[in-house]
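What follows is chain A paired twice: with chain B in the first complex and chain C in the second.
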Partner chain A sequence: MSNPSVPIHSDSSAHSGVKALKCRECGRRYELLAIHVCEFCFGPLEVEYDYEVIGRKISRQSIEAGPVSLWRYKDLLPVLGEPTAGLHAGMTPLVRAERLGKALGLKNLYVKNDTVNHPTLSFKDRVVAVATTRARELGFTTIACASTGNLANSVSAHAASCGMECFVFIPHDLEAGKVLGNLIYKPTVVSVKGTYDDVNRLCSEIGAEYPWAFVNINIRPYYAEGSKSLAFETAEQLGWKVPDQVVVPIASGSLLTKIWKGFHEFTRLGLVAENPLLKVNGAQASGCSPVYQAYVSGKNHIVPVRPNTIAKSLAIGNPADGFYALDVVGKSGGKVEEATDPEIIEGMKLLAETEGIFAETAGGVTVACLKKLAQKGAIRPDDLTVAYITGNGLKTMEALAGSLSQPVSIDPNLSSFRQIVNPKS
Partner chain B sequence: MSVLVRIPTPLRPLAGGQSELSEEGTSVREILDNLIRRFPAMKERMMDESGELRRFINIYVNEEDIRFREGVSTPLSSGDEVSIIPAIAGGA
Partner chain C sequence: MAQLRIHLTFPEDRVRDPIIYEISKNFQVVPNIRRADVSDKTGWMELELVGDLSEIESTIDWLRKKGVHVDPLEKSILEG
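Showing the complex of A and B:
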């Protein structure tokens, strides 16, 4: 098979603010191809932008006149032409969470609600919109991913809508909703007898042999940039303002670093005033908390773990961006917290009961860690705080088995109902 | 003792384009040393200034991350498979 790192066709970025790929470690530059690691030092490649060019094009007005989707920020996303996939992703509600805030002692709390992202109800619709558009620009006809579930759902749906061939690789023990949420779009679903980390390693090997667009491997530099839109939207929805505190779930760590980057890009371009108070906090499940473990032990390297948590979407024991996530937390003065499985379920229930938002287990992790940060005083009552809720609870219903009350059963007559409403009457 | 070594894409040009090759060694460290002896240009690619394996390279023996075993001291048996894989991938 042909080497997938070789461009199927190259393209020019003369009029775009997208310049090149650049190694985050050694600074070597590469063409804007389907490659993700530096050939010299194996460091991650990131998209390099020309902010002068972007600054001449972008303004609050230009953004506000754009589509009601993440593509309103296209000038800061790594595509060269017009978007061709995921046209409705993003611009999810930023919910003023007064009741949750009251429960946690926070007066200025918001929830960024990506449980209702389009089309597959998680923040992955953002990154896949960007990755699919870029993969098509590069001429790929087959799209693939290694996934804990949400990504596979999104890749499957986008492939279907674009008429692309699709292979998604998942661990064998995923929630039924996440497996079904692939199959309905008719990709090839490959269930791997192992953990996500096994799936990821295998896909790195497969990606070296097959000329496919693996969104989170050879397309990763472009894909990951889609997460910046969570910061862009937050700032715009707050009235062009950067919050004081954000709480972000950590799986690979990429999301956290990109939210930080998004706020900094907006600040750099003068779209928002700098907020030196901004603290980026990370949330992990206790059953898979390599970044938290490094944080509390004061180390800057990540020791991989074998995951064992109900928060399967965060179950990455060997997080690719863990080092960089730690760096962002440290630079911003934030913290990393962890939540046990019972705390995760309590977090899911608290969010649902106070805000009417049914989040998946990862959302339970975020809420549980938000609660701890508030209790410890790391987040103060008046801090303008945003919690990122990244996936929908209908996909992880197994996690709630036995932890919710049952329906009240009655006979189909009024007296039976009256006994329920007022048993003493 | 011979083991199969899988070479990642960025290093293949240094190994005559091979994606897999046989190498002799009783531990991961010996395999790396012998690889570097055969293909000296691999040294600065795989090792940092202090001679340690670069942070963004993961090594697996028969699909298991060597950090769950004995790191580069992990012993090898004849017929084992050693994969050198860029660490940067994924994001569920």
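Showing the complex of A and C:
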């Protein structure tokens, strides 16, 4: 079997601001290959940029003249050529949430609405657009992931649109509806008989064995960088400004760290003024809250948990970037909150009833935690606040069963309508 | 010969156990620690196990039975 760390095509970063992969722990540098772990200390690798080179190319004007997608920030994404996948991902609405803000006592609240991301209605379209483009640059013809929902949808759809072979690994007990949502794109869906731990271990072994672009294994350093586009878009859509507070759901923890990184990159390049008030807050579901547990106990050790929550898209028991997410929260002076399943449902309903945005359960977690942070005074009424809503509610309809009011039933005549519905005017 | 990179998390009641010594004594595998952080109440370790696949599998089963949480180096790969 060929070694997947060796690219089938070599490429050059000579004219790009993308410099190298760098170990987050020991600082060793590596070529821009399909690798994710430092061979010396096993620390995770992250993309390193040359900000002097980027600074000479990028400006507010160059960004505004770019495509209406996350690729307008291409200079700050880890691809060396033109994008070839996910060309319409990103540039989702930043909604001024006046009615939700009023309900929570917040006067300056915005919702970053990734429920309408393209093509599969979640923020995963950002990371997969970048991962797929980079995988193709590296010469891969097969792409893979392990997922219970959003990631599988996005990888399958991107693979289909690029004509790549696709493997999706799922736990054997995944709900039928979620499997169908993948099968429509015709990937090879592999149902693994075993626990979530078994799926993780098998995928790690497959990732080391087969010459595939496994988006959250050997392509992870590139994949994760796509999340920065949420910060870039937020700053641009706020009129080139960094908010005072952000509330970000935590699954692997990568999204939170990359939003922080994105704001800092814009600041470093002079595209926005530094905002020393910026606080990055994390949101977890109580049924899977290893980062919250570490935060409240004051430790920097993440103790793995067995997930039991309706927020399936956040159900990561041992988050790869949990430690780094805690670090960002601490450095920024933010907080981590958690929400129970009933609070998650209430959060989904509140967002829908006030802003007309139907979010998946992860969005309910964000709104419920935002509410707690506002109630506790951690977010003040005048703070410029952005809540990240990362997936569409049509994906988690089952979570709402029994939680919503029933339709009003009438006979097909006006008197029945008047008698039962009796509208005021 | 096979090799496997794993992340171990120790619960409080296993933090003081000489786990690596016991692995070396009981299994025909070579454990090679690369990173670790252990306190008096919890801890984690990242290491490589080298040996026959069956011995590596037996080692992981033994660790799990002792209450040590074993993940691949990437931790939770399965995402939502």
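Criterion: the second predicted complex is superposed on the first by the 409 of 425 C-alpha atoms of A that agree within 3 Å, B and C clash if a C-alpha of one lies under 4 Å from a C-alpha of the other, contacts with A are read in each partner's own complex, and residues count from 1 in each chain.
Simple rule for what comes next: a contact is a pair of C-beta atoms (placed from the backbone, for glycine too) under 8 Å apart; a residue touches a chain by one contact, two chains touch by 3 or more.
On a predicted model such as this, the values are computed, not experimentally measured, just so you know.
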{"item": "Partner chain(s) touched by A:Gly334 [first = chain B, second = chain C, both, neither]", "value": "neither"}
{"item": "Partner chain(s) touched by A:Gly363 [first = chain B, second = chain C, both, neither]", "value": "neither"}
{"item": "Chain B versus chain C as contact partner of A:Gly90, first or second or both or neither", "value": "neither"}
{"item": "First (chain B), second (chain C), both or neither touched by A:Gly262", "value": "neither"}
{"item": "Contacts of A:Ala224 with chain B and chain C, given as first, second, both or neither", "value": "first"}
{"item": "First (chain B), second (chain C), both or neither touched by A:Lys299", "value": "second"}
{"item": "Chain B and chain C footprints on chain A, overlapping residues", "value": "25, 36-37, 40-43, 146-151, 196-197, 200-201, 203-205, 207, 216-217, 220, 251-252, 301, 303-304, 313-316, 318, 320"}
{"item": "Chain B - residues contacting chain A, complex", "value": "6, 8-10, 19, 44-45, 54-58, 60, 63, 65, 67-68, 83, 85-92"}
{"item": "Residue ranges of chain C in contact with chain A within the complex", "value": "4-5, 7, 9, 11, 34-35, 37, 39, 42-44, 46, 48, 69-80"}
{"item": "Contacting residues of chain A [partner chain B, same complex]", "value": "3, 5, 25, 36-44, 127, 146-151, 194, 196-198, 200-201, 203-205, 207-209, 216-217, 220, 223-224, 251-252, 254-255, 301, 303-304, 306, 313-316, 318, 320-321, 323"}
{"item": "Complex contact set, residues of chain A against chain C", "value": "25, 36-37, 40-43, 145-151, 169, 171, 196-197, 199-201, 203-205, 207, 216-217, 220, 251-252, 299, 301-304, 312-320, 362"}
